[in-house]
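Labels run A, B, C, D and E following the written order; every chain starts at residue 1.
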């Protein structure tokens, strides 16, 4: 089992998704995983950089990996799937052409730092069994559905994690946390992503569909592992209600928050109160 | 002139440099430092003769190369009738003036055996003969016997100059080189300055002292009939050779072993006929075409080796043992078979029985 | 370094190819049928199976002066004789790792798997290997005499 | 030796880039060559005549032809020289076409290369020996592995030809996949009506010995003389006694056994007869479900059986059959739809495979031929068929087209519309592949006559909404997203190699492609032969195909066997290993590595061990030759000296 | 090896009635030499020695000189004395079925190293007149006409002994003396091989050419090798097939040693006999040691350890990756 990983929070976790960052740190602390900060880390470049110049995108993300490598770490964990994609791309690019990295940044890097998501860390490195054993406050009689979004498992050859179309990692982790997990067909449907800024109606429709399905299968809450998904489902839930004339009231928690709660970490530490949709009902015993 | 010269240690290379202009000079030299391997090699300026340690391989190959091309041949097709062809033969000789410098008496004496076989009798071996005629021997009066040496046991000794053209006598500060044959004397006289009377006397003294040494305890001549009596005593031979691994090193290092085989090596339309060393210790040596082998085991083969040297050869060549007592076979044998002991026991136990 | 200077620098490169009858010989045929352009340095010896390869044949070729030796057979699992190439693979890999220890350029020897249908792959293999050999230049062969040699000490 | 060298110009195929005249001239300089000439078409009738004339006029003892690949014309030239009185193995062919003239245009380099190749051939020929085949008797019995339609056809054809046939079928009944089908395309024939009589024939033919519920355990030997160990798996019922009356199946209290024949739709009893038309129609106990075999109590069937055929102590049994040829018709498996998580196969009961649907359609199926949903038994009205599930998809390692799905979907849609006229059938497809006779017409009928709605595009997701399934996909012709609320989704699962294909191939010593389908000798010209003499292929084990093609291959394989068996003996290939006993040291390494068990050790009178080659078993791979430390065992026609001569002559 | 002569003689006396003969060593023609000895009678036993001069690998005789495959009719076994390295050869011979385990009684002798006569000659002032040589623990005591000298044992033992990984017999029916700590770990790098590999490719070629040029094709290395089982039918000598010509040039010498080495690939047990017997001092074993290292790295196999194992080049694994 991994005991020590480099931690790359990414920009969202510094701002909008600060509660994700908090819950990741708290959970890893409790689970005995040391998160080593990457000194002077920089933005992964996100979508704009690689749209402009693939090498720029790869170099931006790769710099963080190279620093981690120079710290003697060969695994970097990030909570954000988009950052993860950028980091993995960097690995792929510079594994084939390490000299380019040296040219651009003057430091060596040959794409040999493994990048994983926090979900991957929890599922593959720690495992549902260990988590189940550590659970103190199981979500009894609650139904929580996992929502994976687009990037965590796809494209399959790139993600190399879980089933691309019917992932089950979060399902297992939620079960470990004591909640029931109904079959949720929309677990990998698109939430609309960044179109929330430019074409909000698309997000309303797509996110609404996900929320609709969650409600239809009787979910008490949704679990997510992506800051952007969380934003669309949680922060924009009110907008969705208005746009679609609905009255969804589904809490949307990060998987780290759900497991954290089950492990008995206090909700404030996990940043539960920062969520837009109130979670009180979820924590009342039925 | 006296036919003697003195060469100081530091003048030896100069002398060899001079000689190597007229001769192909062979000297014992260090071939590999790591394993301390000394063998005869062609002198070239800068190479140092090893005159205080015995060479592991004998100088046999100088007159009898391990592989000797006898002639080259080419098939030539008749253009009109390609089924017919003629053969072009080309003789091959490599026999310029040669000097062997620093061989030991046993080394030089080894060629006596060759002379009997290759030069006496109805047919002469022209390849050997031409080399022999063109080769001079400057032989070292030997000071370096060890536990395997037994030259005195075979009628020789550390100062035996049979077959030598010059004697190289180590004295304080250098060597006195003395011409023994006409050719030797002639070469010596043109190669340096005479020794001082003291040096000449020291050399004489050294020769005398060395000649008085008895290297080897027993006389190993005169065993010809003992072997004949022992011939069918297979228990005796089994006892002697059970450790033998039939590697044939004894024959390879031996200055008197002259067995060879002749083969053609051809490719395409041309090739050459060559003579190469062979060893009576090998199974294939006596293997007949049909598959029968008159010497199928190491017992028969080793018996032949001892018998040839100490019985058949002396019977044919006036009692001359075809062994020079250099001890190389004993020294290099991986399983330390001691030919002296074998020969001695031919008689001892045979006497017991009688 | 006598024979090094003897070696004619301009002489034609010759590569010995040992091809199994069932796959690679057929692959080379297919490449020919498809008129896939290839360098002409290769001289093919047809063998029934790469299992027929004794690594000593490769050594012999190199010592005799082959500039390159290429062995090609059926893909693993596709051997016409079921397992010949599995044996060959081990033996050739041992040889390949061993050659540089004796001072041979191991790049002069390559083994590969090409099926009878892979004409194009055969073309690539031959082209690539020939280029490698041309880069290495003619095989200088062994020196027939050695004047000075490095000493190695283990004591 | 007197050698003649013949350089073929092959029209301009060779002469275009090789100076054949110069090659012939140079060849005259080679040792033993007494005649060399170039010729326009050496393989032609007059070309062969030229060789034969030269053999007699120059009294040649060996012939080198430099021409095309020996894989092409070696047999031709060997026959030609044999006719002129030379042993066929005193012939060598230099491949100066495929390996020389066709791969480059540098005439000088090509000519140099051709000269080298001729030189190598001459040097090899100088070391050739006349070799002679031996005759071995052919055991005129044939083994058919697999009792699907291809195997049945092969067996019946062989049987009709008077051959004794041994058929081995893995399942309790023959019939294969076809027996499960309701109808066949494009004629909508009743599958069991056309297959049934053939199955009965197999049972009734006296010269067919059927081993059902059996598998091939081991195969040894060689063409004409194979020895096959067959594992008869324990059925716990003495089939000699069982009459197939079915009493036991009525009374068996364990009624939840997995129904293999019905693809798991519904259940069967622990002791069962797979289907009414089964051949042999014998009961078998499924040991996973039998109460007695799992729990130690029950034995109801034993009490009820009127002929006392139940044998609870039955064990697997190995029987050995000797045959002269083998037809492999081991069939295929269907792709496991669960691999596609987005379709929910295996999770949603109303997402089913096409074979399950076939059982639903079948009158002998679990629902008696009434179309119902597995989940609630309701008659579906909206039915979506999804094609290419496990075909033409690199991401699941199935890049090939299964070839039959487009057609059976059309058939099933037509059948559905027949059964439920007010239903809607949708087919989501990538391309329609209907190249057979009457096939495309059949698809058109489905579309035009039966109103099946074809939507070009892949389905992205299936999820339940209420008790129905939402099928989300795209219509790439209209460029819109499509969402259909369906009652039933049928996945057209593709064809993949049978799970046991690879181990069986290793027993047969035949090769298979990367997807596990067996390799034929030549994709065009030898489609049912394998590279292992005496082993033939039929049906889908060689690659996806439909029923007529499988039946065709079954007949083709049978005719190959009959051609083989039309002779009483066959000639063995003399290019086999040979031991020089004088050199052999008896180390046994050759015996250890021989893939064919063709070498055994013997002890001579003097006590020395020597190896010995069983020449009829030896396949001539030469592994022993490469392994033998002192080369006492030599592969004839590929000896060390021959190979070394080829190497040496290049570097003289 | 420390002197175990007395213990060996005692043990052999106790069991000799059950044995057909015992393969051991006896003193050679001078105090620096030892020769293999066949103990055939009770009275022979007192000629046996076992000490730092017990060079020869006696298992060589089992396959080559006697029929050690079939158990003798009267049930008596052949006794054979083995050092650690020799025992591996014995295991390899059993693996290859040249010797039947039931046929041999294995007398194991843990060994700190055997002497290299060439190294001793270089050490002592009067090498031609050595009276006695004795190993005492880590020290070697040499007595010559000029007195007694003491050296660290490591300065006088053979190269193979300096890098010994199996000083204790891996197979034995009796062990005479206490086990010895190996000098190298089993997976340790072979220092001599590393020394050659430190040379550049060109220098390596020159190194070997220089070494092999001395070869006189006497075949002592082959004949001393317990696993060179072809003996009289070696392809070095046969003309059919003709792998080697009669030329005494570099090509043929090199080829001979490549044949020797590759025939021992996956079989050589590093007893070092080939190197010890070479009359011209070629480090012959060094060639095979590299192949052993390759096979260990590639296939995790060492010959002469497990009597049940199949030599790696006589088998295969379809799943081998990285090859």
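Structural remarks
Convention: a contact is a pair of C-beta atoms (placed from the backbone, for glycine too) under 8 Å apart; a residue touches a chain by one contact, two chains touch by 3 or more.
Quick caveat: nothing in here was measured; it's all calculated off a predicted structure.
Counting hops only between chains that touch, subunit B reaches subunit D in a minimum of 1.
Counting only chains that touch, the fewest steps needed to get from subunit B to subunit C is 1. Looking at which of A-D and C-D shares more C-beta pairs in contact, the answer is the pair C-D.
Among the remaining chains, the Cα-based centre furthest from that of subunit E is the centre of A. When chain centres are taken as C-alpha averages, the shortest distance to the whole-protein C-alpha average belongs to C. Distance from the centre of subunit C peaks at A, each centre being the average of the chain's Cα atoms. The mean-CA centres of subunit A and subunit C are about 52 angstrom from one another, to the nearest whole unit.
Separating the centre of subunit C from that of subunit E, both taken as means of CA atoms, is a distance of 34 Å. Centre-to-centre separation of subunit B and subunit E, using mean CA positions: 31 Å. Shown for subunit C are the residues in touch with two or more other chains, namely 60, 64, 77, 83, 87, 91, 152-153. Chain contacts: subunit A has no residue touching two or more partner chains.
Of all residues in subunit D, those that touch two or more other chains are 582, 593, 627, 640, 644, 648. Chain pairs recorded as touching, per the definition above, are A-D, B-C, B-D, B-E, C-D, C-E, D-E.
Interface residues of subunit C facing subunit E in the complex, by the touch rule stated above, are 55-56, 59-60, 63-64, 76-77, 83, 86-87, 89-91, 93-95, 97-98, 100-105, 141-146, 148-150, 152-155. Residues of subunit B that touch subunit E in their complex: 31-32, 34-37, 39, 56-57, 66-67, 144-148, 242-243, 245-249, 252-253, 261, 263, 265, 274, 276, 279, 282-284, 330, 332, 334-338, 340-341. By the touch criterion stated above, subunit B contacts subunit C in their complex at residues 33-34.
Taken in their complex, subunit C has these residues touching subunit D: 12, 14, 16, 21-22, 25-26, 28-29, 31-33, 35-40, 42-49, 51-54, 57, 60-61, 64-66, 74, 77-84, 87-88, 91, 117.
Of all the residues in subunit A, the ones that touch subunit D in their complex are 156-157, 163-167, 183, 185-186, 188-189, 213, 216.
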